[in-house]
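The two complexes that follow have subunit A in common; it is paired with subunit B in the first and with subunit C in the second.
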Partner chain A sequence: MKSRLRFTLQLGFTLLVCLFMIVPVVMSVMAGLTENYFVGLESGLTLRWVNEVWQLYADTIWLSIKLALACLLITILIGVPAAYGLLRSRRRWANAIEELLLLPVAVPGLATALALLLAYGSYREFRGSWLFILVGHVLFTLPFMVRAVLSVMQTAKLPQLEEAAASLGASFRQRFFGVVIPNCMSGILAGALMVVTLSIGEFNITWMLHTPLTKTLPVGLADSYASMRLEIGSAYTLIFLVMVVPLLVAIQWAGRLTEQRR
Partner chain B sequence: MTAASKQPFGAASYLSRPSTMVGPARRKRFIALFALLPALVIFCAFWLLPFSRLIMMGAGADPSSGVSAYLTILTHRQYLISLATTVGLSLVVSLVAVAIAGVAGFFLARQRFFGKSILVAILTFPLAFPGVVVGFLVIMLGGRQGALAQTSLWLFGERWMFAYSLAGLFIGYLYFSIPRVITTVMAACDNLDQSLEEAARSLGANTWQVTKDVIVPGIAPALLSTGAICFATSMGAFGTAFTLGTRLSILPLNIYGEFTNYANFAMAAALSVVLGVITWMALSLARRLAGGNLGASV
Partner chain C sequence: MSSSVSITLHQCSRTFAGDNTALQPLDLQVNAGETLVLLGPSGCGKTTTLRIISGLESPDKGGQVMFGERDVTALPIEQRDVGMVFQNYALFPNMSVADNIAYGLKIQRLPRAEIAHRLDEVMHMVDLQGFGDRRIDALSGGQKQRVALARAIAVRPKVLLFDEPLAALDAKLRDRLRIEIGQLLRELGTTAVYVTHDQDEAMALGDRIAVMQAGRIAQLGTPQEIYHQPANAFVADFIGAVNCLDVISTRADGGLVVNGGELIAAHLQGVSTVYCRPEDIQVVSVDQADVKGKVVQSIFLGQTQRLMVDTGGASPLQIEAPSRQRWPNGTAIGLALPSSVLFHPDKPTAPVNAKEMAND
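Moving on to the complex of A and B:
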């Protein structure tokens, strides 16, 4: 009897926490789909606001997707070799280097952005292009790719596999692309999902680095929260959620996949 | 006690370096360095160098006081108060988040019931919301047209609001901290040896004693580590504060204000470095306690 009461109390408490997390999201989604939020649901449901957001901010959405894909490409090209390098280095060195690469995550994005601005802001051409934001995103997401790939490499018995391949006469290039890469695919996938999700949602660095011509989705969101009516901000948030929630589901799924492999 | 306080996850993974080598050792080291080179070059050019410059700039003179900006932070009330507010708020948020999400996370890790996976999903998916979105959700709860304002208008005939004050920041920081703590606590509970609890119970311990003497010490490293991550995230949370109002006196907004409104680069740099050192120390502590989790700023 007593344990039943305890279960009910804990369940009630957990449900309250769930309400706290979900109520504002539901309210925001509803506001984005209601004709007039100040009147309420009686004013009817509409896609008018979503449409208006698309007219106003479509370019921010495309820029965010472009940035996320470019960021993904770069983090794979430099992150996968880096993870391999860490695996192959002496432990003390590997720890020190990983600690260094983590700094852009450990230090608030505002500080990283300020450092970039003060160092490279005077190069007009670079400052005004989307590549300036890309640099910030790569710094911020790289550790997540390296960590995801490295953790799979460490469990995949890579040294033994590589040694076997080498004893059969495989060159380094053959080993890297034929043994190393295929064996850490699940890590690359997990890292890739993480990188894309983080890049699409990145605000702290991007806000400082953006120009009126290089606005990303979160920058547009902040802009609409400050200057547009509530329905537009909500509809914009809805579009963001539709983009990000599938990525989150995929991250969970990829995480379960790697766990099963172990 | 000794067995229960073992590190729950991650810490050992680095210790198992493979001893086998492909080819001669020197060639191996060369390949490792070569593979690391692109990442290191980008890191040095775009982070290490600019940040070193930022550290130096912070030593420059602050226009209003005439002395080094670092010294100005330590001697001017306005900066000290904002520093204390930011640290205090972040500490309180971390403690409350660990308490709330600790209870909910333990419950979800140990009980099986219909609909549990939905609750877990609701509690974890806000993990990827950027700070700006969290700020907007706080406005949805406590703004002029928020849930609280509508309820209080209906019940008492007046609008209650909290979104644009420190209370709004507190709610927002709590919102993005809870999912982080829940995922960590659930993972830590899964790794906890359940036979210890059974042993304690068979020796006559009641639920409260089991919780206090077995479970909490068992997941203590995870709780401390996730608390430190929440602290660091809250310290640097710019997006949420920016959405809720730029007049609040907390460090990230001070930095932004000094840079954009006053073009006081020395002070903006010095405040960023101070903030960066604090969050870096908190996250190092977190990683030392329980490896694996990187923690990301929002």
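Moving on to the complex of A and C:
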């Protein structure tokens, strides 16, 4: 009896906490689908606002996706070799470099953005292009990739696997692509999940770096909340969710696939 | 399978950061087709020596590694034509058993038919037929080490290197795999260097054994030489158990007075300590004994038992006795130590008698 009561209480508490977190999401989604939020649901459901958001902000969505993918590509190209380098050089300065890599996460995004503006703001072409934002995103997300890959590399006994491969005649290139990369795939996937989600949701740095022509999804969201009807902002959130959730699920799923394979 | 090659190390030393000398300048020759075992406690430099031979480690300046007539000192491991088996298998978890074994063959870009043929051949040799599609994590420790072995011999290396390959396995499996590796090495005739801290493994597998201590070779010889004529007390103690009897005085007739009795050993005149192995001491009646003492402990080992006999010395003598007889603690016991079983590293051994010849 007693344990049953305890279970019920625990379940109740868990459900309450869940509700606390889910209700705002549901409210927001509903707001984006109702004709008039202040009147309430009786005003009727509509896709009008979603449509309107698409008209106004479709380019921000495409830009965000483009940014996230470019950011992912660059963090893989830089992050995986960087993690490998850190793994192989367990000297004092390797720790220092690891901490330096984390700096952009600890420093407020606004400060990072300001520094970028001060340093490169005068290059008009660069300043006005989406590549400028990309630099900020890479700075911010790179440590997550490096960390994820490095931790898998450390548990995978890579140095020994590499020695074995070398003893069988494999050159450095063959070892790196045939042994190192496949054996830290789960780390790369975990890192990719972080990088893509962080890049799509990044606001601080992007807000400072964007121009009217290079707005990303979160910047557009802020813009719409500030200057449009609440329904439009909410419909925007809805689009954001529809975009991000399948992406997260897909990456998780890919991660689980590689987990099962090992 | 492949023409075997000799290995020569010339003045190979290795110093690690912080002025940590792992290896004193070392000269070592491994004959073609021979299995040399590097034996010693951890930190004695045996693994460093193996890694210098493999090319995973470079000797300090001045050291030279030769495979046959070829100077390979400057070559990295991937260009040395070696096959290596590691203590923790180092199998690629992202590949199947067959892909692991074929890895080196694919690196060599052999034709597909040749790869399939060799794969069959080595999987048969290590008794892994039918395991090709298994995932590595679905194998037991013994099977993993067989895969590692197959992977190393599949490339038909000039030199096979073993870095404590059996240390991670349990005793029974270790014995079985040890026998199999021994057979395989004889079959292949490949020059092999085998690192271990296990003296049984060393004696079973080695054509010769190099016992290492503190970065030096303490003794290099056949298992029989190492066991029966250890070069010093360290080797004697490391290879099997050994008793040290302090010589208290020497009589006019040449008898050596030790705690508990007197020994006749014409070949050991002038030594301060006499050594003998537990299994060479015989239990006899007290009135015929060379040395007398009291049993202070008996340890039952199954096929034999080990008696600790206090003869008044600093530490009790260890004796191997038949396992069915019983000696309660405190029993007075007589021991026979004929001169043929007594030795000292600095002296030649006693003339071998007929009984020992028969044993050899």
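We adopt the following convention: the second predicted complex is superposed on the first by the 228 of 262 C-alpha atoms of A that agree within 3 Å, B and C clash if a C-alpha of one lies under 4 Å from a C-alpha of the other, contacts with A are read in each partner's own complex, and residues count from 1 in each chain.
Keep this in mind: a residue touches a chain if its C-beta (ideal position, glycine included) is under 8 Å from a C-beta of that chain, and two chains touch if they have at least 3 such contacts.
None of these values were measured; they are calculated from a predicted model.
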item: Touched partner set for A:137, first subunit B, second subunit C, both or neither; value: neither
item: Subunit B versus subunit C as contact partner of A:179, first or second or both or neither; value: second
item: A:215 touches, of subunit B and subunit C: first, second, both or neither?; value: neither
item: First (subunit B), second (subunit C), both or neither touched by A:168; value: second
item: Partner chain in contact with A:160 - subunit B first, subunit C second, else both or neither; value: both
item: Subunit C versus subunit B, contacts on subunit A by residue; value: B
item: First (subunit B), second (subunit C), both or neither touched by A:17; value: first
item: Subunit A positions touched by subunit B in one structure and by subunit C in the second; value: 160, 163, 166
item: List of subunit A residues in touch with subunit C within their complex; value: 156-157, 160-161, 163-171, 174, 178-179, 182-183, 185, 261-262
item: Sites on subunit C touched by subunit A in the complex; value: 54, 56, 76-79, 81-84, 86, 88, 90-94, 103-104, 107-108, 137, 148, 151-152, 155, 161
item: Subunit B-touching residues of subunit A, taken from the complex the two chains share; value: 3, 6-7, 10-11, 13-15, 17-18, 20-25, 27-28, 31, 37-38, 77-79, 81-82, 84-89, 91, 94-95, 97, 100-112, 114-116, 118-120, 135, 138-139, 142-144, 146-147, 151, 154, 158-160, 162-163, 166, 172, 175, 197-198, 201-204, 207-208, 218, 221-222, 225-226, 230, 233, 237, 240, 244-245, 247-248
item: Touching residues on subunit B, where the partner in the complex is subunit A; value: 13-14, 16-18, 20-23, 28-29, 31-40, 42-43, 46-51, 53-54, 57, 100-101, 103-104, 107-108, 111, 113, 119, 122-123, 125-133, 135-141, 145, 147, 175, 178-179, 207, 232, 235-236, 238-239, 242-243, 252, 255-256, 259, 265, 268-269, 272-273, 275-276, 279-280, 283-284, 292, 294-298
